[in-house]
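One chain, chain A, appears in both complexes that follow, with chain B as partner in the first and chain C in the second.
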Partner chain A sequence: MTSAADVGVRDTRAARDVREAHASPDPAARHGRRRRRDQRRQRLAAWAAIIVLGLFGLFPIYWMLVTALTPNELAFQFPPQLVPSEPTLSHFVDFFDDPTLLRFLFNSALVATLTAVLTLAVATLMGYSFSKFRYRGRASLMYLVLSSQMFPHALLLITLFMMYSSLGLLYTYAGVVLSFSAFTLPLCVWIMKSFFDTVPDSLLEAGALDGAPRWRILISIVLPLAKPGLLAAGLFAFVRGWNDFIFALTLAGPEKMTLPPGLVNTYLGEFQTSWPALMAASLVVSLPVVVVFISLQRYLVGGMVAGSVRE
Partner chain B sequence: MKSTALNPSLTTLSRRGLLIAGASAAGLAACGTDEPNDQVGDDADDEPSVPTTPDTDAVTETTFTSWSMNEESTQQPLGALLDGWTAESGVDVETPSFPYNDYLAQVLLQISGGQAAGAGQTDISWLATLAATGALADLGGSAARFDYTAAALAATQVDGVQFGLPWTIAAIGMIYNADLLTQAGVGAPGTIEEFEQVLEALKELDVIPYAAMTDLAQLKDIIPWMWQFGSAVYDGTGLTLGDEGSVAAVAWYKDLLDRGLIAADVDRFDARSLFADARVGFYEDAIVAPNIIAASASDPAVVDAMTPIGRPVRDAGDISAALAWGHAVVVFTGDGQQAAADLAEHLTGNSQVALEYFNTAQVTPTTETALGASEVAANAWISEFSNLITMGARSNPFWVFPEFGQIEDRLGTHVQRALIGEASAQQAMNDAKADIEDLMN
Partner chain C sequence: MTTVDSQARSARSGRTSLGKPLSGTAFALLLAAPGVALFLGIILYPLLASLVNSLYRQSLVLPGREFVGLENFGDVLGGDLLPVLRNTIVFTAGSTVIPFLIGLSLALALNQRMRGSAVLRGALLMPWIIPSVVASFLWLWIFNANYGVLNGLLVRAGVLDSGAVWLGDPSTAMLAVIIAKSWASFPWIMVMLLAGLQTVPADLMEAAEVDGAGAIRRFFAITLPHLKGVVGIVVLLEVIWNFHHFDIIWVLTGGGPAGSTTTFAVDVYRTAFRGFDVGSAAAMGVFWMIILTLLVVVYLRVMERGERR
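Now for the complex of A and B:
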């Protein structure tokens, strides 16, 4: 067979198609080969995109790890080294040796957990009310709750500080948990409402016919079906409570301080920042959240998209 | 579409439901205590330990708010000083602290909420802002009891009132790497013309010759250069921006940037990191610079090569300008004020205590006695820095305004316009003057 090179023709896709047509006269076989070739190219392109995006997203995490393993005096060496030449675990050891940091860790865990519990308790009841009850002002209330999510929370700081001061809630766990819960509630309410919308009313009516009171219907019938939503909303509230900085810095006080302001307090000074130690501490404190996310991610995704497709 | 409405019998509220809702609300209200919060650092359930009379003898606890209790270099030395005072006076000291970058905002919140009490550390640039709240006590009586230097006292006054006791007063000035200059075959410059020649020589070494502050938030550092070129910037009665000196300074900065003698978007943290890595010839820092550089320098020789220098002058014989820098201790009016004032005096005016702090944390004292002590006089860096730089230090003229931060932002914005070529130096300074005057009025 005469090749494209023999006649001086560039080996373009058209030329390859012509060549294949000569090689195999069967159109179905040619179509199959072309489709497989296209699929290979698409897979390669998809993998390339995934790798690029993955590097973009994961490289900062990797750089955090590299910095955390680097001694202070080499943190800003030029050119930067992708693999530490003199790795050290001293920053991680120092973190666990510091009782103040461990207290911040305890405070964060306590506040984030209480925030998740309180938010879930209130969001469940609110979501259930919005989903399964009909009353005047229901729609307005729903949109009021949603619109509060768009409000810049930092604007409330001064008012909240003065109000807490008058109520005796300043520098208390209750004050911090209440403020965090207030800002996590709107989205959690909508998550729970969306899940409750997917629970058939016939189930609730069946329970009512059997004589179950409303609270029993909620606990025994509705909540087990809404477990993914509970996990999603709880996780969101937990992470919000774990990560908040400005409210924790202002309302928690020195004894109840959580990790974000605690780390800033410890590592960011007037004159210098202990970047390697800060990176080590940041990695340690982000691990619990990452582990929880990975183990519960399918519930989180399910919770976020619940109700997006109507039956 | 599937209806989500339930049987009406399931949707009505019963009297029992209302009762439960009301009880829940009452329970939530009970989360708070009966009494409003008393002091920073106290638990809400604790009884306030500071009585209502200002008599030190009756006070058992006071508060010292700071950022230095967070920082590795000062935490233990300062803690030891406070413990020493507690042992002498019998008054315990609570030490709430906030990060430096958030400190002013947090203290202002404390003042707004009526929570500010005791004594507190402050940067001298924040003094006017804090004084404007009306929450600071006049410490003129305390100041008169000790031999603070006149310059230190002046730096901690607002409108002639002694609102702070000076804790450490120095300056931000120019520092160079002597090894790099030797490598470049040049000596320390005296005039601006000589400075430019030295920078050109350093450029050949592939380093940043001068790590001038060009980050937007730090462009206020051009003010000492404006002084050096003959502009007052603000003469107490009005802005002089747009005059020959301010325009010349901005035009000169622009020229240095165009010639590659300074770099764009550099802030002080960047400059320190680069200097510690021996990649900068000149930069500007406070008197505590050697400690900072030592913590991040890969080669200790960089610290040995650090040399302070007076800002190059326009004409030989001119005085080198520098920006004053320092910390003061203020006292918040209210309960326990006298005990807090005693603590402030102990930390700042007691020369023995000040020298102890100097020896352990390298914080320069502010009394004549302490400054004349052998350990301070023998410190070559401090002596040289003080003679060359601190002697010519002036306070930022905008610090007298509570909105100084906004003023500096606007000045930086217009200087940046000139640096990026969006406006000429003259136009930029004219616009800056108009913009800042709007803010002041």
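Now for the complex of A and C:
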């Protein structure tokens, strides 16, 4: 087995040519050839998958960009042009000239930021409690919170709507932020917990022996070590708040509405949807989350995996 | 400082109780309290109260309600329950299987570490990162019957004589919705499976390769057994999420045409927030919750097993 591996790895073209010329009966050489052919085939399959599926994944994004740059007259043409002949930025200019859309944009930024701050504060405390303490009911509480991200939103929105309207929270920023936070909480708690799990208990004990109060141990010893977790959880909460549709659609009302439901109400249901304008607006909504995600991929993917799959 | 009992507990869990045991628990509960309050107030109470609503006739916007017993359940059973259940199952199955196969193929391909695969992996995350509403707009535009690019390409290639009404035809609407949803969720599956592939020992693969095991044989004999845990959780979560997915269906079809894409989420939302009929929506929701609860229990079992390991 070892010799075959050596042949496979260190095989040179010259050696192979010589062996092939002599039609060597050496099984190790046959193995090496088969392995190379196998690897070539594997690469070919990989490339085929990447091209076909990559096209499926990325063409719609390309199409959003193309449409957003197409002047209205050319967008309503069949069959459509795959490359814009007269690109224009006018739809983006129009977006930033529209006071209603700008208000939605402001609402989105405000609500998503507040959601991130509130969720992070609550999730940090809860995640710390789950990670570093053992008490009766802890496991049940953990799984109850974890399972809550799977409750059907449409159903509990019914009571939430009526509850908010009697509490005066309907159509307020506070109401929207509270609902976003509650639904982002499970994932963020899970992310924070898995980061706290990696902080060694001996550090906490050392702090306790020095006589530091409990909250001080959390703030000055544990939190600085969990910075990547804070970043991942905070960004997740921001993105969830920014991207949410059903809660903002139902609980925010026309004045406090965020961009996703705002765009639905503005553009769909018209007699003829202005697709280039809608695609430009879609790009504007998508850009912040895409930039955040791509630039911080390392933290987020780690957090995401930690949040969903326990290693 | 610590009692024998708490020391024993610490030994079992591999952790210390951090100082005085009693106040430690109090502190821990205090830490968890804001999260518990948020959870009870915004999620658990509304959910349970919504279920109780199924026993009343009640309007969403008018005060007062009347106890009607199981009448709402009778209406739902004799009405839309079966088609809604069927649509939900079709949507869930399609939107789980298709993105899973796409995500798995891409994960295996990108795991070959070819040049540029990191960049491609980043770019392919986009469909999942962008707001679901944007994904919906995008596919609404692609499937557009008059000016859509899908019809454009198919007509130009000679596959179709004239454009199809993808979202307006009950026979194609569900497939179109499933494709849009699959597009939005395959990147997450891809990333999770890529992470899972890192746990496949490279030397084991190498050894099998040297022993002459082909790529397909290696996939089933080595890769798949190592991925089992991740695959289980990914599939289960996708099933649960698809089972209550709302956004893309609502924007693309609103449940139409002729109710052909009306799933539980769409039906409950429309009945409550367009028809203002809280009782019927809640009765439908009870059936929905029963199935979801079973799925979530399975999920928690799987997670618990992972936690104990």
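Convention: the second predicted complex is superposed on the first by the 250 of 311 C-alpha atoms of A that agree within 3 Å, B and C clash if a C-alpha of one lies under 4 Å from a C-alpha of the other, contacts with A are read in each partner's own complex, and residues count from 1 in each chain.
Everything below uses one rule, namely that a contact is a pair of C-beta atoms (placed from the backbone, for glycine too) under 8 Å apart; a residue touches a chain by one contact, two chains touch by 3 or more.
Here the structure is a predicted model, which is why all the values come from computation and not from measurement.
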Three-chain arrangement built on chain A, chain B and chain C clash or fit: clash
Partner chain(s) touched by A:Tyr135 [first = chain B, second = chain C, both, neither]: both
First, second, both or neither for A:Val285, with chain B first and chain C second: second
Touching partner for A:Leu53 - first (chain B), second (chain C), both, neither: second
Touched partner set for A:Ala182, first chain B, second chain C, both or neither: second
Partner chain in contact with A:Thr88 - chain B first, chain C second, else both or neither: neither
First, second, both or neither for A:Leu144, with chain B first and chain C second: second
Touching partner for A:Leu204 - first (chain B), second (chain C), both, neither: both
Chain B or chain C, by number of chain A residues touched: C
Which superposed partner A:Thr113 touches (first chain B, second chain C, both, neither): neither
Chain B versus chain C as contact partner of A:Thr172, first or second or both or neither: first
Segment of chain C that clashes with chain B, given the candidates 19-27, 37-45, 91-99 or 109-117: 19-27
Contacts on chain A seen with chain B and repeated with chain C across the two complexes: 75-78, 132-135, 157-158, 161-162, 178, 201, 204-205, 208, 214, 217, 250, 261, 264, 268, 310
Residue numbers on chain B that touch chain A, as the complex places them: 1-7, 9-11, 31-37, 40-44, 67, 70-73, 95-102, 106, 109, 112-115, 269, 272-274, 276-277, 279, 286, 288, 291-292, 295-298
In the complex with chain A, residue positions of chain C that touch it: 9-10, 13, 15-19, 24-25, 27-29, 31-32, 34-36, 38-39, 41-47, 49-51, 53, 60, 102, 105-106, 108-110, 112, 114, 120, 122-127, 129-134, 137-142, 144, 146-149, 151-153, 155-156, 163, 183, 186-188, 191-192, 195-196, 206-207, 209-212, 214-215, 229-230, 233, 237, 240-241, 244, 246-247, 250-251, 264-266, 268-269, 272-273, 278, 281-282, 285, 288-289, 292, 295-296, 299-300, 303-304, 306-307
Sites on chain A touched by chain B in the complex: 72-78, 131-135, 157-158, 161-162, 164-172, 174, 178, 197, 200-201, 204-205, 208, 214, 217, 249-250, 253-255, 261, 264-266, 268-274, 310-311
Interface residues, chain A side, partner chain C - complex: 1, 4-5, 8, 31, 34-35, 38, 41-43, 45-47, 49-50, 53-54, 56-58, 60-61, 63-64, 67, 75-80, 82, 121-123, 125-126, 128-130, 132-135, 138, 141, 143-148, 150-163, 178-179, 181-183, 185, 189, 201, 204-205, 208, 214, 217, 239, 242-243, 245-246, 250, 259-261, 263-264, 267-268, 275, 278-279, 282, 285-286, 289-290, 293-294, 297, 301, 304-305, 308-310
